[in-house]
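The structure under discussion appears below in the form of structure tokens.
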Amino acid sequence: MSNVWGKNIRLSVFGESHGSAVGMVLDGLPPGFAPDWAEVARNMKRRAPGNNPWSTPREESDEWEILSGFFQGKATGTPLCAVIKNQGQRGGDYTPNLIRPGHADFTAYYKYRGNADYRGGGHFSGRLTAPLVLAGSLAGQILRERGIMAGARIINVGGVKDAFMPIENIMEVSRREFPVYDEKAAVAMQKAILQAKADKDSLGGIIECAALGIPIGLGEPFFASLESVISAMMFSIPAVKGIEFGDGFALADKRGSEANDQLYMDEQRPAFLSNHSGGINGGLSNGQPLVFRIVVKPTPTIGREQTTVDIVKGETVKTAFKGRHDPCIVPRAAPVAEAGLALCLWDCLLDKFKEGAKL
Amino acid sequence: MSNVWGKNIRLSVFGESHGSAVGMVLDGLPPGFAPDWAEVARNMKRRAPGNNPWSTPREESDEWEILSGFFQGKATGTPLCAVIKNQGQRGGDYTPNLIRPGHADFTAYYKYRGNADYRGGGHFSGRLTAPLVLAGSLAGQILRERGIMAGARIINVGGVKDAFMPIENIMEVSRREFPVYDEKAAVAMQKAILQAKADKDSLGGIIECAALGIPIGLGEPFFASLESVISAMMFSIPAVKGIEFGDGFALADKRGSEANDQLYMDEQRPAFLSNHSGGINGGLSNGQPLVFRIVVKPTPTIGREQTTVDIVKGETVKTAFKGRHDPCIVPRAAPVAEAGLALCLWDCLLDKFKEGAKL
Amino acid sequence: MSNVWGKNIRLSVFGESHGSAVGMVLDGLPPGFAPDWAEVARNMKRRAPGNNPWSTPREESDEWEILSGFFQGKATGTPLCAVIKNQGQRGGDYTPNLIRPGHADFTAYYKYRGNADYRGGGHFSGRLTAPLVLAGSLAGQILRERGIMAGARIINVGGVKDAFMPIENIMEVSRREFPVYDEKAAVAMQKAILQAKADKDSLGGIIECAALGIPIGLGEPFFASLESVISAMMFSIPAVKGIEFGDGFALADKRGSEANDQLYMDEQRPAFLSNHSGGINGGLSNGQPLVFRIVVKPTPTIGREQTTVDIVKGETVKTAFKGRHDPCIVPRAAPVAEAGLALCLWDCLLDKFKEGAKL
Amino acid sequence: MSNVWGKNIRLSVFGESHGSAVGMVLDGLPPGFAPDWAEVARNMKRRAPGNNPWSTPREESDEWEILSGFFQGKATGTPLCAVIKNQGQRGGDYTPNLIRPGHADFTAYYKYRGNADYRGGGHFSGRLTAPLVLAGSLAGQILRERGIMAGARIINVGGVKDAFMPIENIMEVSRREFPVYDEKAAVAMQKAILQAKADKDSLGGIIECAALGIPIGLGEPFFASLESVISAMMFSIPAVKGIEFGDGFALADKRGSEANDQLYMDEQRPAFLSNHSGGINGGLSNGQPLVFRIVVKPTPTIGREQTTVDIVKGETVKTAFKGRHDPCIVPRAAPVAEAGLALCLWDCLLDKFKEGAKL
């Protein structure tokens, strides 16, 4: 088990897709912090289903209730618990014994010896990312007061790619309903998603995340490198199967002379001639924009017939899964990645404050 | 700071490249465990420099001394401390003020306000992976008694690729001095490395890691998914810039019907028709071979002239770095990745035992 | 901040006395565990106020709602969130600026820079022990299946002492409404409490906790000795100011020959001639009954006039505090201590299972 | 296992009494910190044996070697490893099968299934406190730069008590070779120790610890109260069996009106009329002197005949233990308690800096 995250803050998540609620407890908010709840709501809506043709029609208002840690319009500094009640569950769409290929159904069945809540993936549902977005949205506001901003855009959906984007545009693009830089690419991606939906199939894609304004020295040797912290968070998001920082896998084909970011003095300050490293050297932020990409696999639930097993009867079966699901989870995963990144940066920033305070 | 790793075990690392020693403290070894030290020595040698033309000529015997936790030929069960004394340091090759592009020199200088041991990268040196290999080698032996085996092979060096390999061969290939499946590819890779060396340049590459025999259900929701645990460890290894599980980034271009691993009953047991997921669903191992790849960037230290800064004088300078360095760190990183993977699996396995013990 | 507890399980608590709710998230319950909710309710009632003349008249039904981790009558194995809504708050009784001597009002005001929820102590209220009892009650049931039982009795209230009790009686006494061994002592204690109440004053006392049936070897060197784990938990309970194991402070006046527990072979098994150590040697359980005592200070809120400060105006004032409060918190603290002990033993037991599983 | 301590720093300890060495790894030292090694040596000597008639004649120079994290006379900010080689071991004095009553011999034998290093208590030896004093001595220097000082004095040895001491004297008394306030009491205590030694017996005692100059708000709700943090550390010290803060167990016999520390405005600042709480309210420091006491049991190893078991043969035996041991460990435990307290305060102070940095 590890439903708790954080070195300096403590984020605890809980809930199941079709249970009473999902939610989180966040310990470490600055006392006196007055959240911009409207912004939180906008971020929650970016993640919520049912808002557009490319997401699942399951409707979830994703309204949250704050149970603690909030008083007279401000965070008290003690743990903030937020609960998001589930609505519009249609548990009947799910059967306990038919394993959906690509899902956690199989692994959860064995791990919990048949006791997991199987409805809609239970605790393994993407629905658990709702509290993550809530927490990350608060983190993002705290970072912004320090001049740090984190965003995410889609750069690939089912092979349709976004154009090159100067990284400075990340925040503007990040806030779009369909966060793609190039308008034409956005249209083509949406078309591809709807085509996959029509084919009772699904698409995956790639999300690029970036952060601007981060100070030098976030991240800690040896085991808490900034890449370690961020990657661990990203792989908590269901469907993420890969991550690369800076030039990433392309570095395998490059020489050192091509991969190194050379330096020079820009006025009185050291600066870099390139950013192949994605803003991280030796596991520590170097002050350049932080850039990484995550790959999101195609939604496993599809309407096409697949071969699978009835885990209770022990039989091979062929079946097409019903239920409301996203033909492509990538657009809804973008605000989740952004939230996760914000949480990581906030936590690492607290390490840095600690450090600054030493001596 | 986080020099300590592990949920169920505790691994603490310390040391600098050109200080007195590097080492580790490992708490959680089973009492009565009698390590095969000859095997540890073989793994240490795989990582050690100076053994062949494609690694740095810096000679390090990498002999270790056990200071605690070991009595009468067996682990006592209390913390085992192992110290690896540094030898053959040539600190004079390093200057504190010239930043080596691509290294931690720049970030460490600021993070530690000029107090870091700059010689050879100090605490950020690849030399810190020696204690990791030592610890991982012990972990590997513990896993083997449970029927679990972890290995690593090189699949790309500077664009030269290994052939397809049935995953069952991983352990045999892993133990080779140059762990590549296809002999011709191995020769071509070595040639490419020596060419880069002759060019005073360096190469990166990709390592494929795999584990066989792992039980269903390793990994924990939400934040300790098996991918989270493994990726965090891999990004602790200097020079790693990306990781992907199963089909990884290729999943962006696939449809759900191509990406899902369908199931069937094989005799009395559920089995999979493919392994696009790399053996992990919902963050939990599914009993298939665990497969992932990491990208290792080209060694940043190169003999070519580069533009950089003198951090003390605040000047732009052009310089070619001397010192003994690897033209390609990939072969030496393979046993490190294998060791890191073994540590992850051991720690997650203890979660599973805990779980099995409950009720 | 640390609202999260546990090495092998994760317990997160949240809430304020007069906010919406208090609650907890518990990760690590065995999948398939079917709690005896009636027993949980009995334990909750032992802690709840308003049930008898010696506790505060504030009425709290302390009914809880399970939001997650529970399905078809059983724990799923994923995080269980339980929320206890607050009722009958009379926030008007509290003023933000008058510091109640002996309370957290003063320290919380500074720590949270005036943003803490001051009503009824906010997050520092004894009300936070309600989720602890809930969690501990589940832990107690898990322990019982392993033959381990933990209980608590009152041995001193305001100087009135219980009689000597053979430790085997702990469970029977623990379940009493007023958990005192000697009936006459119980009557005298209650009388003392009511007298203090009549005097607008309050009493403290001492609780003895014990556990039977624990295996040898619970607890871990160096920093997770069984005494370290238990004492840290006990000092989380508001008003606890001391703890001693076995003969405790009396050992200062003894010689080694009086303090050592000598051993002999009882049939085929080693046994002890005494239990001065309270069942712990070297920080590890030795199989004897675990025995310790905690001191609970008198309830700080009293109706008598006291000198204090108006923290906002910066003035010395004399005031008598109103509000409903317990003349003696000791009886309600007993089930809390018992719950805390059960949580500690469960967590340490998981370490032991892990250990047993190794090799 | 938990050989690692700290929320914000990481202290890892290792070693056995009669193995090669004991030592520690400390991660979190401020970069640029230049320790006063002479002061460290003085503290190490206070703890070391063989220096006076009331401690064991086993001679240990307790010289340490720094292996990492230290460069050019300063802490680098990366993990500092210090190794203290063992000397003058006389392993022959110890037998693996005779259980010493009151020691960890029995529990360690079972926990580690006969594999523990039994010589001199192995990992459970008081010798493990040497690295604690080293680490704590560094912590103490860091605290002092913030105006915080921690000390310890003996207030009871075998029933002989020190006189009342105004708490401001703690630092001066703490540095004495025999840290007792009243000279006559010191003489009486030493006499009692030598008498016990002559009787082949041993004495326990009580140590009072105090810290001056601490800011308001150290400690964290719920589970990391300052008392929780300190008590967990104190119970890591071998032979400690109890702890009480402020008036401690005496509070059981007091009324709220006697136990509360009333407040008033002293010039412009709130002040307290008393310190029954030992400087902690609600688990947080209130700015008053922090005061607590720990009880240290009599050294279990005594020269008198005792009944015990031969754990291998399974026989009851009567034996008198030889070997060099302290007739009273209290004087040597005082600097250990002081070191542990310094570590706790440093770690909690980092929480506070973090907090101050938030928003």
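Just a few scattered comments:
Here the chain labels run A, B, C and D in written order, and each chain numbers its own residues starting at 1.
Here is the rule we go by: a residue touches a chain if its C-beta (ideal position, glycine included) is under 8 Å from a C-beta of that chain, and two chains touch if they have at least 3 such contacts.
What you see is a predicted model; the values in this text were computed from it and never measured.
Of all the chains, the one whose CA centre sits at the greatest distance from that of chain B is C. Counted by C-beta pairs in contact, the busier of A-B and A-D is A-B.
For the pair chain A and chain B, the distance between C-alpha centroids works out to 26 Å. For the pair chain A and chain C, the distance between mean C-alpha positions equals 39 Å.
Note on chain placement: the centre of chain A and the centre of chain D lie 45 Å apart, centres being C-alpha means. Shared interface positions of chain A, i.e. residues touching 2 or more other chains, are given as 1-4, 13, 28, 31-32, 77-78, 111, 123, 221, 355.
By the touch criterion given at the top, residues 1-5, 7, 13, 99, 101-108, 110-111, 121, 123-124, 128, 156-159, 196, 199, 201-206, 216-217, 220-225, 227-229, 231-236, 238, 240-249, 251-265, 268, 270, 273, 277-278, 281-286, 295-302, 304, 306-309, 311, 314-316, 351, 355 of chain C touch chain D in their complex. Chain contact summary for the complex, chain A toward chain C: residues 1-4, 9-10, 12-16, 19-23, 25, 27-28, 31-32, 65-72, 74-81, 83, 111-117, 122-123. Listing the residues of chain C that touch chain B in their complex gives 8, 28-33, 77-78, 142, 145, 221, 350, 353-359.
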